[in-house]
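Before any comments, here is the structure.
Chain IDs A, B and C follow the sequence of writing; residue 1 opens each chain.
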């Protein structure tokens, strides 16, 4: 009892911090940008007292959309890590993101009569529903392929190796599809680094729909993910329908991945680092870790995009470069800590 | 038709046709050398592995006739070793034992919390409930995992080497706990590697190369000829107050 | 008599011009013993220059993207910057290969014993330098000077046409929908200036910056130029861009299917690219 109080306090503090961080990301995200808008004007635009399309049509949906993408990636990462009891599993390493990208591109190519420009159009700006569904199938396919190649979930090394192979092959296929006619190397490159530049209200709506679809079951399954941490045999002995459960978790996480890839391209490290960092603060309780990863992923990506669009303004950096620059060193630090302990 | 019963179980891995029954209020110890099929038999009886031939009956009905949650309420299974979710609170770990009553989406009610409190108390782990699993000693952790298994208030407990990696004192605690549970009417089947612990059970069943080679009261089964066949020539047995004590000669 | 003298002087010039030694754009000394007769060009703009010099028949292969004049489309295609086909090039036994300074193709080809000249064609000035250099390499210096003069005359005509226009519209030029745009000091940036347009992108951002969409909306360009398929639909459907003047008035000029090459290739057809921009900014 003496130990539980500080722990409960600590956990509440983590959530308070996450909410504060998210608020900061929202405020800064709206206040700063390529164009200088005085804070008073920002507030007036938000309240509808003053017309300012830069705030209401560009910045607000971009910040909110970035948060939804970050939340989707964070939760998907936490779900993958919990499902596979593997801290390296994430939408990126499991090949799901590449699979989603392949699915989206394939749809665009099928619809657009092999026009790569149309593919980019679809990826960056349109087709929210069908693109996400195709991406979903691609993500699911890639994840299952990774699992088959790795011979299950238990062996971390094989899992990462298989995920990297599946991801590379599918990225290669995606690039091939995109390069079908002109020399659009730059656009393909940009796509693989993620792009939030044109996230507008249609994109935000699409993301919201898919988050509303996939997030509640995942958040409600936190306790079941906890049970999986005791091992599959124990989970089965508790009567849990493991196959259906895994499929449900996989489908929900893949849907979240696909929704974010369809709207913003491939953005690495958010899904890996967010749950990883929060696990150090919150422990392994997925009832806490899943909502915390949603908040943390949202804040992380919103802040990363803020840096991407303000560091070199009015030019922009690819947001994936920023998340990688932020996430990479953090991940190295984690590895170094692990080695230090072992 | 009380009890949990394996009839002619053969098939997965080493098992070559085993009949074994555990009754309520009875502790059966499963003994045998490595690779004899002890763990496999335990998992078959827990419904986690399907036998190629034969079947497992729970209170007269085939195990498959039960739904997975119904089975989970009657049988609790505790494997040997991990994984252990280090960053999970003890209380949350024990609450997971209520999943057979809750399913995927159910909410915990009064009865669930009561059962969790009882299980923590019974396993002697109530004082640990606010700790993280990763901060416990091996003995403490084993008691918490036992509490998890007890939280469903099962009629049968299937335990795989519940005392491995524990020091002597903690081994004694676990054994005392099992005896108390059995006294309340729980049927226990435990794989054990130490014949002296097996000697504390009501019955001992000895597996060798997938077959039951002996079954009965400890004093009748744990004899020098049998144990020498299992563990080598230097094993000696002394009967004190009707209970066999096994030791190595020289 | 005069004709004969001219013919003789050309022969003389050829005889004394070779062997010719020139410094290429990587600072390497390259020597040609005789006028090259089997040329491979791995740059579309250089292919155009060779042909504009009247030496199209000396080309034996080009890169994948060379498509002007029509006759070069029939030549063997030796890949692009990222996927060159050195085996094909070597098998054609060229006596001169013109390559980009990007990539390591020249090393491979030189090890195979070929004469390789590295050309830089990025800026407006590069056009004339390239014409003169290639002309010298081919032993066509006089034609080179004539071509330079001709290009400059054509460009001047378009500039004069643009100068007569009253307005100087604010221009946003999009090379792909990421969106990447062009800085004022890039080749296209110079053309925009010559066409009397005002690039909304400041030069501090470099040659090909990825631009923030809200910056474009804020700068409210009167004309948008884009060089990829479906650009009009793409731009019109962007969040908040419906407020942009160019979108409201429909002044979005999309150049694809070969026209984009006129704008992106610093080569002898630069005036045609400029004409597209002048037409777009000020009307015909």
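By definition in this document, a contact is a pair of C-beta atoms (placed from the backbone, for glycine too) under 8 Å apart; a residue touches a chain by one contact, two chains touch by 3 or more.
Remember, it's a predicted structure, so these values are computed and weren't measured experimentally.
Undergrad: Among line, ring, star, complete and other, which one matches the pattern of chain touches?
TA: Basically the chains just string along in a line.
Undergrad: Going by the average position of its CA atoms, which chain sits the greatest distance from chain C?
TA: Farthest chain from chain C, going by C-alpha centroids: B.
Undergrad: Using mean Cα positions, find the chain sitting nearest the overall protein centre.
TA: A
Undergrad: How many angstrom lie between the centres of chain A and chain C, each centre taken as the mean Cα position?
TA: The answer is 41 Å.
Undergrad: Using CA atom averages as chain centres, what separation in Å is found between chain B and chain C?
TA: The computed centroid separation for chain B versus chain C comes out at 80 Å.
Undergrad: Could you state the distance in Å from the CA-based centre of chain A to that of chain B?
TA: 43
Undergrad: What residues in chain A touch two or more of the other chains?
TA: Correct list: empty.
Undergrad: Enumerate the contact residues on chain A facing chain B in the complex.
TA: For this pair, the touching residues of chain A are 1-5, 7, 85, 220-221, 223-224, 226-227, 229-231, 233-234, 236-241, 245, 279, 282-285, 287.
Undergrad: Spell out the residues on chain C that touch chain A in their complex, using ranges where they run on.
TA: Going by the criterion above, the answer is residues 65, 80, 82, 175-180, 202, 205-206, 208-215, 217-218, 228-231, 233-234, 237-240, 243.
Undergrad: Could you pull out which chain A residues touch chain C in their complex?
TA: Touch residues, chain A against chain C: 33-35, 53-54, 56-59, 61, 115, 117-118, 120-121, 124-126, 182-187, 190-191, 195, 197-202, 309, 312-318.
Undergrad: List the residues on chain B that touch chain A in their complex, please.
TA: Residues 43, 46-48, 67-73, 75-79, 82-89, 92-93, 95-97, 99-100, 102-105, 129-132, 148, 152.
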